[in-house]
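Two complexes come next, and they have one chain in common, subunit A, joined by subunit B in the first and subunit C in the second.
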Partner chain A sequence: MKGKGNVIISWIILITFAFSALFPVYLLILNSFKTRSEIFSDPFRFPKDFSFSNYIKAWGYADLGCGLLNSFILGSLSAVFTTLIAGIAAYALARRARGSSYTITFLMFCNTLPFFIVLIPLYVWFYRLGLTNLIGVIIISVGTGLPFSILLLRSFLLAIPKEIEEAALIDGANKWQIFWRIILPLARSGFLTVGLLTFLGGWNSFTLPLTFLTNPDQQTAIIKIYNLTGQYTSPWGQIFAAIVIVSLPTIVLFLAFQRYFIQGLIGGAFKY
Partner chain B sequence: MRNTFIMLIPALLLIAFIMIVPSISTIYYAFTSWNGFTKPTFIGLQNYREIFSDSLFWKVVWNNIKWTLFFLTIPVILALIVASELNNVPQKAKGVFKTIFLIPYVLPTLAVTRLWQAVFFHPLHGIITKIFNHDFLGTPSTALLAIAIINTWQWWGFLANVFSAAMDQIDKTYYELAHLEGANRWQMFKYVTLPMILPTFIFMEIMTVVWSFLVFDYIFITTQGGPGRASEVLATLTYKTAFFYLKFGKGSALATTMIMFASVPIAIYLRLVSKGGERV
Partner chain C sequence: MFMGDTYMVDVHLRGVVKRFGKTIALRGIDLDINDGEFVVLLGPSGCGKTTTLRIIAGLEKPTKGKVIFGNREVTYLPPRERNISMVFQSYAVWPHMTVYDNIAFPLKIKKVPKEEIDKRVKWAAELLQISELLNRYPHQLSGGQRQRVAVARAIVVEPQVLLMDEPLSNLDALLRVKMRSEIKKLQRRIKVTTIYVTHDQVEAMTMGDRIAVMSAGKIMQVGTPWEIYNKPANVFVAGFIGSPQMNFIDVTIEEAQDGINLISSDFTIKLPQEYISLLKDYVGKTMILGIRPEHMYPIGYVPASLQKKDKIKGIVDFVEALGSDTIIHLNTGSKIIVVKTSGTYRPKIGEELEIVIDLDKIHLFDKNTEKAII
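After this line comes the complex of A and B, so read on.
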């Protein structure tokens, strides 16, 4: 099946697609060092002098220090609470707690509920409760992410043989000790996958912070960068610099933990 | 196993408060006139009558349908081509390619849209604008297409990874047999690859329909539904009705129409996944 000509065609196709995936990213980085007029006169050309002035300006204008901190708080706290609450629930489901099969069907149903069907009442209620802030956004992120996370974690926990737990039970460990000392370490990759996906989901999220975070002190980096665009002119050099800054952590995390991402996005997402 | 059930309670309570109660409330508010601040007044089917008799609504639904048709075909074809070509290169190269293809997918949507808006689709200086001498994002007839292209750039690599993972499960002897029978590349794809990855293929197509009726970020960030109402979809219309015009009752009714359109594929999806709890 592998004729020489065929293989060469395959390489050409794949390299073309790889180029089309990477070239825009390259242009983004290149243009983040250029002035507005340099960007638009020729987006491909190298800047006259590589200066970080866009980065420095963007950091100041968009208040990125504050924005990135808020993004980090949103991502990490959502990740911690989601893995914790989902982990406990998934463990119960994997061990066939009463009502497990109903719960699983229920979670699959919840997993398909679109965000827009809950958005309006949540906004009004959270506004009245004074929760149109980071805390509110974290609560909603955790709540809406739970069905997917529980189902994904359950598939990891099912792989742990029951005998290990039974041995621990005989040795006098209680349910919580078993969860913390045995399940958590053994299903580490599952927890890492859910944690990473939740963190990135929070870091990248748009609609929820856009709607709920009206106070600038609470806004995430994504929303601050969104607000940089003016109606008629936009400081594109600085927007690019800000985009590079906010995207860098997502790419670094992805490259560092690729395996977990891929099993979370592709493997686990299908076989509940 | 009573004490095990307790472990489900925190999760189920939070899901109830964040998903179930609000969903039911949205359905209730759909029958009210409500500005979000005073008490909602019950007005029966008035919101739905207004929505269904408005030609804008049907135009918007048609936009969602166009979006669906685009994503059912273009990105899927690209991803299938790439995924099958991945089988012809050494394992190591395959891994590197798959990683590269996923990079656009992990970028924030805002980053992707802003990048394309400025570099490729800028009304005066964009690369694509200059090549075709046409402002795609700023012209009503091509705005939605331009946004779909932006979304596709971020999406196809993920799909290619999904299909490639499915193709890895195929027993290689099928290909050897097909080769002995003298099958060419297209025939191998048609008679071996496609039937073997059919469950994954169908699953992704069903989810594509669901997601296409919910699309929001890409359109809201690039055009907010414009120019005029040219790229308006159900989600942007719902969002603006509620949060720009403060018609929370009508917004709720629009949100329920999103569910109505997505409910058929959702029902099929639920049937498929709950059968034996196995992969479709």
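After this line comes the complex of A and C, so read on.
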């Protein structure tokens, strides 16, 4: 009886959360097919006819093609470099390299530091270095993402028994072969989680590209959407349509890697 | 016999010391292992047996001392340059690889041609009777099967030295007995120099050609299972080997007209004249008398062949009926003496019992050095 009651309560909580998360998405998609007057007359009503004109206009006016490409470059390069550097660093920290405990404390400190504190000094530095462009944004994305990624991967690698590595060492593998052929596949979900989180972080980032990317050719999709808004009036239909377009790749990516992502977040919970 | 040529090698440890910070794990290990020999490192937890094995493997570097394979010093060589294999306690099979890939891994690392890899993997799998499991992943295997995979991976490279770190300790009791004999048979077949670490004396006695008994970072005795059991070098070895444990009783040595008297607080045992010369330096001194429970017999269960014997008396304090054996705890006054006898004998608690001691099987240890004198 008690078990059944718990199940019912769980369902109620889950449905409430799912509704509060999905309802805005529903409204977003619904209104992306409406005209401006339809949106303002009743945002909850179905459109008279499902027209893709908002999508076509948004793609053209916001230059979303260029924005999506830049977002992809930012997200994917950040993900690749973060995963690579964090992986190697986390491996060393998990295997108690000299000074590990100090490094971990330092990383935790970095992790708690609000990004806005360093935004202006970073801009000044990067401006002087001529890096107020996509490359600069990628470098900062990687740098700011590293502390969390290293700590996440370290906890993952700690769960791999030392004997697993030593067996490979005895069998003749060198450190790199052990990393690539044993550690990496075993901690695959951890690495994919870090990669995915970094990609999504880069794809969705707003403040950093808004501050650093002044050249329209290098602006990301999120900034392109922001550019659609006007001082006195905004084309909400087009903005909604652009948001749907920009969200689609991330939804596909999440669904494709959902299994690893969940495994990654409960990292170390399964037995080797 | 291995698939190809055999590359057996003898292993020598010379004054190996290992410190971990302030802790001294090994206090000068000297050990010679002959080629093709099966040597067991036996001892309680924390005695340094696994550290010794890891130093032989190259996974740890000694603080002092040398490791020599044949004529080659390998003390500071990495594991891959030692031509060794190791089976770990947790098997350490890689969960993301199939059984085939697990076994083939060391060969792939050594860049052995594909056809040769295939041939050798199938040979090792057949030897370990896991041919039908080659396409499975470790999570689809039982503990015993994983253990076989680990052994197959270890022998597939035809190592000069095979190291095993408590490989049976994660298996259930029945499977352990089975694998014990299988590993021993396999070692005899492939004749590889094997160093096996365990804390289980039965494993050591049944598998080892020789046993090195270790305690507190030192080797206490090296010998065949027979020597270790019948001629223990000191109190530690005598107490560690044998179940139930050997009885230890403090006795004073006194010279009598026709022999030597061993006088304890509860009883006196008389040794024949031939012991006089052996114990003349200990007359008037205290020694430790060691008697194994299985070398004492209740009246009626004394073997006819027993020649030198004496008797002690006591009250039955407790009886453990194990089926095949009966363990009697005999109160002799101030001490409890454990006697192991036939399972058909069931004395009553409180009963007075006369026990015959086989004097040919007793041990006497120096009280100060704890070294065996007899």
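Just so it is clear, the second predicted complex is superposed on the first by the 236 of 272 C-alpha atoms of A that agree within 3 Å, B and C clash if a C-alpha of one lies under 4 Å from a C-alpha of the other, contacts with A are read in each partner's own complex, and residues count from 1 in each chain.
Everything below uses one rule, namely that a contact is a pair of C-beta atoms (placed from the backbone, for glycine too) under 8 Å apart; a residue touches a chain by one contact, two chains touch by 3 or more.
Computed from a predicted structure; not experimentally measured.
Trainee: Which partner does A:I39 contact after superposing on A: first (subunit B), second (subunit C), both, neither?
Mentor: A:I39 contacts subunit B only, not subunit C.
Trainee: Name the contact category of A:Y102: first (subunit B only), second (subunit C only), both, or neither.
Mentor: neither
Trainee: In the three-chain superposition, say which chain, subunit B or subunit C, touches more residues of subunit A.
Mentor: B
Trainee: Is A:T112 touching anything from subunit B or subunit C once the two structures are fitted on A? First, second, both or neither.
Mentor: The first partner, subunit B, only.
Trainee: For A:L200, using the defined touch cut-off, is the partner it touches subunit B, subunit C, both, or neither? Pick first, second, both or neither.
Mentor: first
Trainee: Figure out whether A:F50 sits in contact with subunit B (first) or subunit C (second), or with both, or with neither.
Mentor: The answer is neither, since A:F50 touches no partner chain.
Trainee: Pick one for A:L28: touches subunit B only (first), subunit C only (second), both, or neither.
Mentor: A:L28 contacts subunit B only, not subunit C.
Trainee: Taking the stated contact definition, name every residue in subunit A that is touched by subunit B in one complex and by subunit C in the other, in rising order.
Mentor: Of subunit A, residues 272 contact subunit B in one complex and subunit C in the other.
Trainee: Could you pull out which subunit B residues touch subunit A in their complex?
Mentor: Interface residues on subunit B, with respect to subunit A: 1-5, 7-8, 10-12, 14-15, 17-23, 25-26, 29, 36, 78, 81-82, 85-86, 88-89, 93, 97-104, 106-111, 114-116, 118-120, 122, 124-125, 127, 153, 157-158, 160-162, 165, 175-176, 178-179, 185, 188, 200, 203, 210, 214, 216-217, 220-221, 235, 238-239, 242-243, 248, 251-252, 255-256, 258-259, 262, 266, 269-270, 273-274, 277-280.
Trainee: Any idea which subunit C residues touch subunit A in the complex?
Mentor: 57-59, 78-80, 84-86, 88-90, 92-96, 105-106, 109-110, 150, 153, 157
Trainee: Which stretch or stretches of subunit A touch subunit C in the complex?
Mentor: 161, 163-164, 166-174, 177, 181-182, 185-186, 188, 272
Trainee: Give the list of subunit A residues in touch with subunit B in this complex.
Mentor: So the residues of subunit A touching subunit B come out as 1-2, 6-7, 9-11, 13-14, 17-18, 20-22, 24-25, 27-28, 31, 39-41, 43, 85-86, 88-89, 91-93, 95-99, 103-105, 107-110, 112-125, 127, 139-140, 142-144, 146-147, 150, 175, 200, 203-204, 206-207, 211, 222, 225-226, 229, 234, 236, 239-240, 243, 246-247, 250-251, 253-255, 258, 261-262, 265-267, 270-272.
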